[in-house]
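One chain, subunit A, links the two complexes that follow: it is found with subunit B in the first and with subunit C in the second.
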Partner chain A sequence: MDLATIWFLLIGVLLVGYAILDGFDLGAGILHLFVARDDTERRTVLNAIAPVWDGNEVWLLTAGGALFAAFPPVYATVFSGFYLALMLLLVALILRAVSLEFRSKVEAPAWRATWDVIFAIGSFLPALLLGVAVGNVLRGVPLDAAGDYRDGLLGLLNPFALLVGLLAVAMFTLQGASWLVLKTEGAIAERSRTAARLGWPVFAVLWIAATLFSSQDAPGLWDNFANPLAWLVPIAFAVVAVAYPLALRTRRELLAFLLSSGSIAGLIGIMGVSLYPNLVPALGGASPSLTVGNASSSDLTLTVMLAVALIGMPIVIAYTAFIYSRFRGKVRAEGHGY
Partner chain B sequence: MDAVLLARIQFAVTVAFHFIFPSITIGLALLIAIAETIRHRTGGEVWDRMSAFWTRLFAVSFVVGVATGIVMEFQFGTNWSRYAKFVGDIFGAPLAAEGVFAFFLESGFLGLLLFGRERVGSRLRTFAAWMVALGSTLSAFWIIVANSWMQTPAGFRIVGDKAVLTDFWAAVFNPSTLPRYLHTVSSSWVMGAFLMTGIAAWFLLHHRHLGVARASLRLGLTVAFIGAALMFVTGDNSARQVANTQQAKFAAMQGLYTTTSGAPLTIWSLPPTQNPADAPEGPAVVVSRMLSFLTYGSFTAPVTGLDQFPQDQWAPIMPTFLAYHNMVLLGTVMLGLMLFGAWYLYRRSIEYHRGWLRLAVLAIPLPMIAIQLGWATAEVGRRPGSSTA
Partner chain C sequence: MLTAQATSTAVSATDIAISLGLLVAVYAVLGLLWLFLVVREISHGPAPAPAGVVEEETLPLPSAGPLLRPAGGPMAGSGR
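Here is the complex of A and B:
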């Protein structure tokens, strides 16, 4: 396997890590207006994500840095092309961070209610926008002769990308519900369980719809499935996704969360298999697609980065696991927290 | 106003606003770790409350720092995509390394420090505080590597339309990395320490949280004094690096048009103009031959002036000169203030010097202004290029 392909995989791993981890706190943010009704309940939800959410966001930062380092033209094309969508994403992430820190510092109910709504919007928008961005990358983007995308924000809002956007919202919401079922008790946990029960079929339908639609709108995504081995990924995804409601019903909360995380990994895995070797398929023929072959950094850079990843990531994963283990168990509103 | 200028302004505003927060967190992280260590050793209840108080302030700065940092990282792609393509082979790696080696460490253990007070033992809590400090200090390293490579590029060659890495360690430890890193970190210690000292002084003036305030004043003032003195060491080191490897920038900083043997040090003067013919004649405070001595250790050594460079490659001289000189001036004021403070602290009379306490409150923004001026010197001084040797 060549270095560029290894980096294709590693960036996939970083994105999976991001989607699983920030997925549950974005999902908790999307859900909290519905599953937590009063101030104590809201603070309980916030405390369920408090110690870990900004660490989770670091996965996005690192995935961005890794993409920049390993595939600079992809970073340049996607980030400058999707300008407004990304700026909106940043605004949402900033508002979300600020609302988390600010909401509980003042007692006034109106203050808290306002930040709660901002927190919900700031959690919903990143899920949607990331989904739309990924949907567009999957579908391919029209690149001009200079390799630039120039159709603006409206060009991103095509039906397939919007469908993937909704799929991402459903996926993160389900992940958030699974986390809250695991971390809370009583009324919040019951409402989250209901959200998960109702959310799962929505997620499944959206996934099937996106898959069917892709055969019309982005047939290139099916090329790799001529190889029977490629089917292992969607099959694994399907098994994990189908097991999820069973775990939920039998109240195996940790297992349900792991299965939800597994289906996120599976979904991103399917996208990776569909894309490879492309990173950004080009539409229109004015410019070639960006691939692991033509868009990667030099072998030296990729090797150095691989060393960074192989030394750094095991350490990161070890202490992250340790920190999560310190916070295991149900959370409450009182004590140190928001 | 064209789009490139707007994009420059946008990036400058983003970076300047962003850096407010890391400089506070790098400084506070060290102070919190020291406070946690004292708490662990002595079991002092005051230090416990004190570290809890500062950790909450730290958390707010950290969160905004991360959020604005993502904006900065994204802008390399959104606004500077040509630049990203040109230097991506070199420039992306430190940004990724920053995430892997620094931000995960900082954010992970901050969660433990903030929310795990009842869940972990005293020793582990102290460890977490040091890991947060290590993470924040390392994060500065990687971003300074990236920026220093823009100042003094090394370890690469140009292949076709892009720069390709040829020697990773040469790129990382390019000539300006270490001097600028040490200067950045020590300035951040000063920032955090001035914040701690100023807020503690305010509490003392208003008779609030006296226990926490006294402990904070002692720690903050000590670090502020040492840090402010260290600033001159690291600043001197950094200036000599500029003199040796970025001579055009150094000449603009000093306002030196012509190459001079035994060049004088300008402490204060009317700002120099872009065109030497318009240079103002007016009062100035200069120390003759001092620039040559400070830079090269010899009162007669020649210092390269702007005349050695084509005029279209000069940096904007007036802003570079003003930013640099005001930064040094502020540094001197800050060291003077803390010199008095340290003396009062040593004499155990600090709480009676209410005038000094008031000044300490007013001085909170000074390190931040000096830091911003320092960045202006570094960044305006290397114009017109995006990356220039």
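Here is the complex of A and C:
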């Protein structure tokens, strides 16, 4: 396996880590207006993500940094071409973080209700925008002769990308519901369980719709499935996704959360299998697609990065596991917290 | 490489203006809210100390110690 392919996989791992970990943060934010009815319940939901939400967002920064170093032309094309969408994402993440901090500063109900709405919007928008961005990458983007995308924000809002955007919202909402079932108790946990039970068929329908749509709008995504081994990933995804509602029904909360996380990993795995060796498929023929072959850094750069990753990743995984074990168990709106 | 040569050709001036305006607006609002919270905090004053906690001003001064030596004593002109 060549170095560029190893980095294709490692960036995929970082994206999976981000989607699983920040996915439940964003999902809890999207859901909290519905599963938490009063101030104490909303504080409980916030406390369920309080110790970890900001650390979880670092996975996205790391994936962006790794993309910049390993595949600079891809970083340049995506971050310039999707500029306004990414700025909107940034503003949403800023408002989300501020709403968490500002909410508890004043006890007035109107103040807190306003920040609750901002928190929900600030959680929904990143999920949608990330999904739309991924949808466009999967579909392919029209690149000019210089390898740039110039159709702006409106050019990104095509039906397939919007469908993938909704799929991302459903996926993160399901993950958030699974986390809240695991971390809360009483009425919040029951409402979250209901949200997960209702959310799962929506997620499944959106995934089937996006898959069917892709055969029309992005037929190149099916090329790799000529190899029978490629089917292992969607089969694993289907098994995990089908087992999820069973775990939920039998009240195996940790298993349900792990299965929800597994379905996220499976879905991103399917996208990776579909894309490889492309990173940004080009539409229109003015420029070649950006691939692991023509868009990677030098072997020296990739080797140094790999050495850093091999040292750094175990440390990151170890302290992440430590933090989650320290904060295991159910949370309440008591003592320290939001 | 000059700054003018290093700008992204794929990002239009309109996009830059929109994003700049967005960030200025967001941070202006957040700045005003921060000011509101600080003024509010100052006007409320410090919270009363919990029962049983003795405030610093009421503690008796130490009867003797190296920091209370008279000027010109061994601590003076220590070079610090």
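Things worth noting here:
What we mean here is this: the second predicted complex is superposed on the first by the 338 of 338 C-alpha atoms of A that agree within 3 Å, B and C clash if a C-alpha of one lies under 4 Å from a C-alpha of the other, contacts with A are read in each partner's own complex, and residues count from 1 in each chain.
One rule holds in what follows: a residue touches a chain if its C-beta (ideal position, glycine included) is under 8 Å from a C-beta of that chain, and two chains touch if they have at least 3 such contacts.
All values reported here derive from a predicted model rather than from experimental measurement.
In the superposition on chain A, A:Asp38 makes contact with neither subunit B nor subunit C. Using the contact criterion defined above for the overlaid structures, shared-chain residue A:Val98 touches subunit B and also reaches subunit C.
In the superposed model, A:Tyr149 lies in contact with subunit C only, and not with subunit B.
Applying the stated contact rule after C-alpha superposition, one finds that A:Met87 touches each of subunit B and subunit C.
When the two complexes are overlaid on their common chain A, residue A:Ala50 makes contact with subunit B while staying clear of subunit C. Comparing subunit B with subunit C, more residues of subunit A are touched by B.
When the shared chain is aligned, subunit C comes close enough to touch A:Val106, but subunit B does not.
Residues 76-77, 80, 83, 87, 94, 98, 148 of subunit A are contacted both by subunit B in one complex and by subunit C in the other.
Contact residues on subunit A toward subunit B in their complex (touch as defined above): 47, 50-52, 54-55, 57-58, 60-62, 64-73, 75-80, 83, 86-87, 90, 93-94, 97-98, 100-101, 148, 297-298, 300-301, 304-305, 308-309, 312-313, 316, 319-320, 323, 326-327, 335-337. Residues of subunit B touching subunit A in their complex: 59-60, 62-64, 66-71, 73-74, 76-79, 81-82, 84-85, 87-93, 95-101, 103-105, 107-112, 114-120, 131, 162, 164-166, 168.
Put simply, subunit C touches subunit A in their complex at residues 8-12, 15, 18-19, 22-23, 26, 30, 33, 37, 40. In the complex of the two chains, the subunit A residues touching subunit C come out as 76-77, 80-81, 83-84, 87-88, 91, 94-95, 98, 102, 105-106, 146, 148-150, 152.
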